[in-house]
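There are two complexes below, and they share chain A, which is joined by chain B in the first and by chain C in the second.
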Partner chain A sequence: MADVKKEHELIVTVSPHVRDEETTSRIMWTVNLSLLPAFFMGFYFFGLKALFITALCIISSVLSEYFFQKAVKKKLTVNDGSAFLTGLLLGMNLPSSLWSFNPFTIHVPIIGSVIAVVITKQFFGGLGYNIFNPALIGRAFLLISFPKAMTIWTEPTAAFLALDAKTTATPLGILKEDGIAKLIEAFGDKLNLYAELFNGHRAGSIGETSVLALLIGAGFLLYKRYITWHIPVSFLGTAAALAWIFGGKNPETGKMLLFAGDPLIHLLSGGLMLGAFFMATDYVTCPAVRKGQIVFGIGCGALTMLIRIKGGYPEGVMFAILLMNCFAPLIDRSMKSDVFGAVKEKKK
Partner chain B sequence: MSNAESKISYIGLIKNGIFSENPIFRVALSLCPAVAVTSGVKNGFMMGIAVLFVQIMVNVTVSIVRKFIHPKVRIPSYMFIIATWVTVTDLSMAAFVRDIYAQMGLYIKLIVAFAIILSRAELFASKQKITPSFFDGLGNGIGFLFALVIIGFFRELLGKGSLWGYPIVDTKPLLIMILPTGGFFAVGILMGLFNWIDMKFFGGGGASGGGH
Partner chain C sequence: MMALATFKGGIHPPDKKDLAKDKAIKEAKSPQRVVIPLSQHLGAPCKPIVSIGQEVKKGEVIGEPGGFVSAPVHSSVSGKVIAIAEFPNAMGRMVNSIVIENDGKEEWASLKDNPDYIKLSSDELKEKVKAAGIVGMGGAAFPTLVKLSPPKEKPIDTVILNGAECEPYLTADYRLMLEKSSDIVEGLKILMRILGVNKGFIGIENNKPDAIEKMKDAARNEPNIEVCGLEVKYPQGAEKMLISAITGREVPPRALPMDVRVVVQNVGTALAVYEAARYGKPLIERVVTVTGEGIKTPANLMVKIGTLISDIVEECGGFKDSAGKVVSGGPMMGFALSTLDVPVTKGTSGILVIPEEGVVHAEEYGPCIRCGRCIDICPMGLMPSMLSILPEKGHYEDAKEYNLFDCFECGSCAFVCPSKRPIVQLIRLAKSLTKP
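On to the complex of A and B.
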């Protein structure tokens, strides 16, 4: 037992032992950077309005974080980029038509940002303690509070200064109201429809339209290993499978036709790409265990398609992610990985 | 609580019910009606009046019969007393304020199951004389009424842009506030505000959280 004394002299700390240069703020700013291509595509298609809305969201998010932390005398963490990210994501999830003075809807993005940062994040204890994705709660709050203003979609013009554009329906809205034939008619032919959806030349929220740009950003994040494939792949895979199985409609009777849906339209439209790669993968609000992340993704995909096909809203990504956010702690707890080297208890 | 003292301050009992042991904001009991019936000031006020009446009568009745009730059957006995007074309230409202009763009749019947009423009967009235029990019921009833009116005030003003049914502004500023979701937002934020005021200005020690 002579060695005991020597052992006590060793410094024992809890893991992690290996440290590197990754910090929260570095990750946050990188995610901000990876969202830029999609934002620029939104800017290109929806013009200055898109820029104004996004800037308004970012400014009010950062300011509300700053003033709340000042007010409750907490450590200022504005520089870590998480409030900036919340504002950017919220702005990219809003329709550009909100920048309008008649009817007056400029206050809508500001209210959303304050709800997102103050109620969803700071009331729960700040970054790392929030149960729900702040930007999505902000958007859900706005969608329920201002149902009219939040569903006016403008036609993408790609004309830089066009401040009053024509209003139109989103592809998913057309799909829900008038069916797939009408949607293909609106875009010419099927191939053109896919191409337009992929490039982002369609009505929708500012940052969700361009799948191409979103994939570039997501690829960058995957390459940097800031996100893993588990959530996006299970999310998109489930959504595609369910769209194929249940998304079809008999053109004559209008009843559901099994195994006749078009998964590509569902994958490329709405906020699915933005949600799957940038919102569902939020570190704080998704499960930490890999197995759990797959369950999380499957749940998100299933709920999204349930809302899209059967629900009252044309788009369900937001509600699906928020609902699964509630389950993230439960998933984590039930899928705990085995402790390395531990002996399993025998079941009685 | 000042059980040990021989003389209880009646004003203190009322204050206790309104502020330091407010049923909703401090003790967090009976939150269901706080969300369900507070979509307007008027509904909240009527509900508060009904609960105030039931609370006082139950406290007084329990205090009168406290020596005849065997401890083993006290909870069922209290439930009978509460149910009696709720029935009295229910039928009176059905007879005299029909239009309001049509809207909230269901919730009036549910007063039977309100935790705060049973809680005061068990914690206070079953051990105290009639007069203190009356004032305790009065204080808690007013506290409940106060909370419901405050919550209803913000929800109606923000959600409908009106107060007591009279329009204040033309638009509906925040539609979410009259939906159930908004009820949770309002209760949560007001509870936090109430605790903050109590801690900051009256030296309270934060919420007690579920005083069963």
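On to the complex of A and C.
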């Protein structure tokens, strides 16, 4: 049919021929953006040190991804925002007191970033293939390797330079060591305790303290449908229920008093909000099927409270999420999505 | 109005129907020659019954069905057979085809008006459908006669006409529903009579309110026929999704609509059935939407089967600038053409021209980040993420554990994937390298 032949270079691909505008890097950068309110509150309360620590984590995360990919001649993906996100999350999970030259601990965040990006993510094949949440492995490594430096908490002075900030204990630390009465005393009264915990005016990791700011960021992600309710609700719900059931203590004997715990204190303190909305929901390391995510969230909540109430650490969110990360592939395998028509087939 | 019928999952691609929706159906120019493939349907190819040099009339049988799951093909022009040889089809396969040079006389073999067609028996009507070579005109091109001949142990109680036209850009069914509404209703009545069914539905997506009104009006004296507005969502027009939306019945995996007592036919097919029953007219032409940002004048054309796509593109003013992709069918499930010298067949619903800047280049895809979007939207409830990861690593057999063969390749997963992964391609690869 030479007479009707036209010279065109036509592109041939498999369908579909239209695609949604969403991209992986847009998702990653949006999550980075949603963390900014909480980071800003950390900066406000803990001053320049908070900014330096977080910036140090971001820079070393991005650089270690860049140099690793260069070294093994892989495609460079530092622009996709995922190494930036790992650095930001790691920084927000560290105490601002790490910015200290005497004793010298500046190297600690750098080591954490390299562990997070190179060993946890790139050694397993890069984005999409890691089993554990990179930022949390980075933090866990640091907590075990530098137990002292990682648990020096400074008062939230809300002073820019914060040079004179005294060290203090976190609310969960006080709760574990001295009990609920001492914790309420430290904040004046119970209502003030709740209010300060909600605003973030308390000792803790840079980005975890302000529940208000975290909820703003989480609300944005939920609105954009980048995350769904399944993990946060099951995580927080389980933690609250267990805090209520097992979190109470008889003030005289010091023994466990059932159904007498204060779930609100547990929800508002530690890294629970940051973990439930921003870390447990990490796409790569949580189950992909919604019903599996509920199981995952329940597991995270239960392990968190087990560690907080019975374990050696005052805080358990990090280890809880990491332990559940191991189960995510198993959950996805055993709780597959419901195939259309298959349920009714069984009933017949 | 009642809540719109729909199914679980699905996506909302931009519908882009404005490009062609207001163009009334126009008779395409009769081409100088037609290339009529002997296999335009699912099932056995036809055997040619003409020889080179033979004169044929319009509507004359030129290929006889090669089995039960097959359908005869007819000449769409009057003229002389000049070649019987293998030619490429829209899917890129070489298919034995008959080339006929058009003498321009448009001489019909036989057309007879039988206004009493509705009094014919079920078997007589089936004979007409068979003789006319009718196949599903929504795209899959499954021989209609087979769907109308369910085994005795599978009783049918409902016929659904598919007017969803959920593929973006396409407007062929929409125009038919506007312009031939009462003929389509007649077609549905014939289908119901053949199957001995007294419940008929016409499912139409809610972005075509005027088509819904027209069809309701055409069916106003038919108490057994109900026009059903459907939520605008892709793939609303997939057979299983449509049945679930309208009747609430779910076709089990690997089963057929007849297993839930339903037969689904496209509205275009219903029209062809009507024309076959009334006039004995074989399926030799169909409406094709020529559309896309890359074509000069979008149109809905009544095209003779066998017309080359290059002729149609020329009739529509050609490409605007340089065409990046030309797709036979819709953007979600259509086939990208490597050459325009392929014929329109009974299943060609559209020709979509995507300009170069609109082409999604698939080679730059990223790893699966397990975001779960594809799982949320898969209308079949599958896990496309795993169905792309496993074949990517060569684990084809393992993909079967994730119900590989229940996928009907609607492309919704690849549409939503933020890493732009070629999920459908990987699924097809796994399917071709394993056995169900």
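What we mean here is this: the second predicted complex is superposed on the first by the 321 of 348 C-alpha atoms of A that agree within 3 Å, B and C clash if a C-alpha of one lies under 4 Å from a C-alpha of the other, contacts with A are read in each partner's own complex, and residues count from 1 in each chain.
Everything that follows uses one rule, which is that a residue touches a chain if its C-beta (ideal position, glycine included) is under 8 Å from a C-beta of that chain, and two chains touch if they have at least 3 such contacts.
What you see is a predicted model; the values in this text were computed from it and never measured.
Asker: Give one of first, second, both or neither to describe whether A:Lys74 is in contact with chain B, with chain C, with both, or with none.
Answerer: In the superposition, A:Lys74 contacts neither chain B nor chain C.
Asker: Where does A:Glu22 make contact in the superposed view: on chain B (first), on chain C (second), on both, or on neither?
Answerer: Touch status of A:Glu22: second partner only.
Asker: Touch test for A:Ile119: chain B only (first), chain C only (second), both, or neither?
Answerer: Once the two structures are laid over each other on A, A:Ile119 reaches chain B alone.
Asker: For A:Pro147, select first, second, both or neither according to whether it touches chain B, chain C, the two together, or no partner.
Answerer: The answer is first: A:Pro147 touches chain B but not chain C.
Asker: Between chain B (first) and chain C (second), which, if any, makes contact with A:Val339: first, second, both or neither?
Answerer: In the superposed model, A:Val339 contacts chain C only, not chain B.
Asker: For A:Tyr283, is the partner it touches chain B (first), chain C (second), both, or none of the two (neither)?
Answerer: Second partner only.
Asker: Applying the document's contact rule, which stretches of chain A touch chain C when the two form their complex?
Answerer: Counting only chain A, the residues touching chain C are 1, 4-6, 8-20, 22-24, 26-27, 77, 80, 125-129, 283-284, 286, 288-290, 332, 336-345.
Asker: Please output the residues of chain B touching chain A within their complex, sorted ascending.
Answerer: Those in contact with chain A are residues 174-177, 179, 181, 185, 188-189, 192.
Asker: Under the stated contact criterion, what part of chain A meets chain B in this complex?
Answerer: Listed in rising order, the residues of chain A that touch chain B are 111, 119, 123, 141, 144-147.
Asker: Touching chain A in the complex: which residues of chain C?
Answerer: Residues of chain C touching chain A: 8, 11, 13-14, 92, 168, 240, 244, 250-253, 255, 308, 310-311, 319, 322-327, 331-341, 352, 354, 359-360, 362, 366-373, 375-376, 378-383, 385-386, 402-403, 406, 409, 411-412, 414-420, 422, 424-425, 428.
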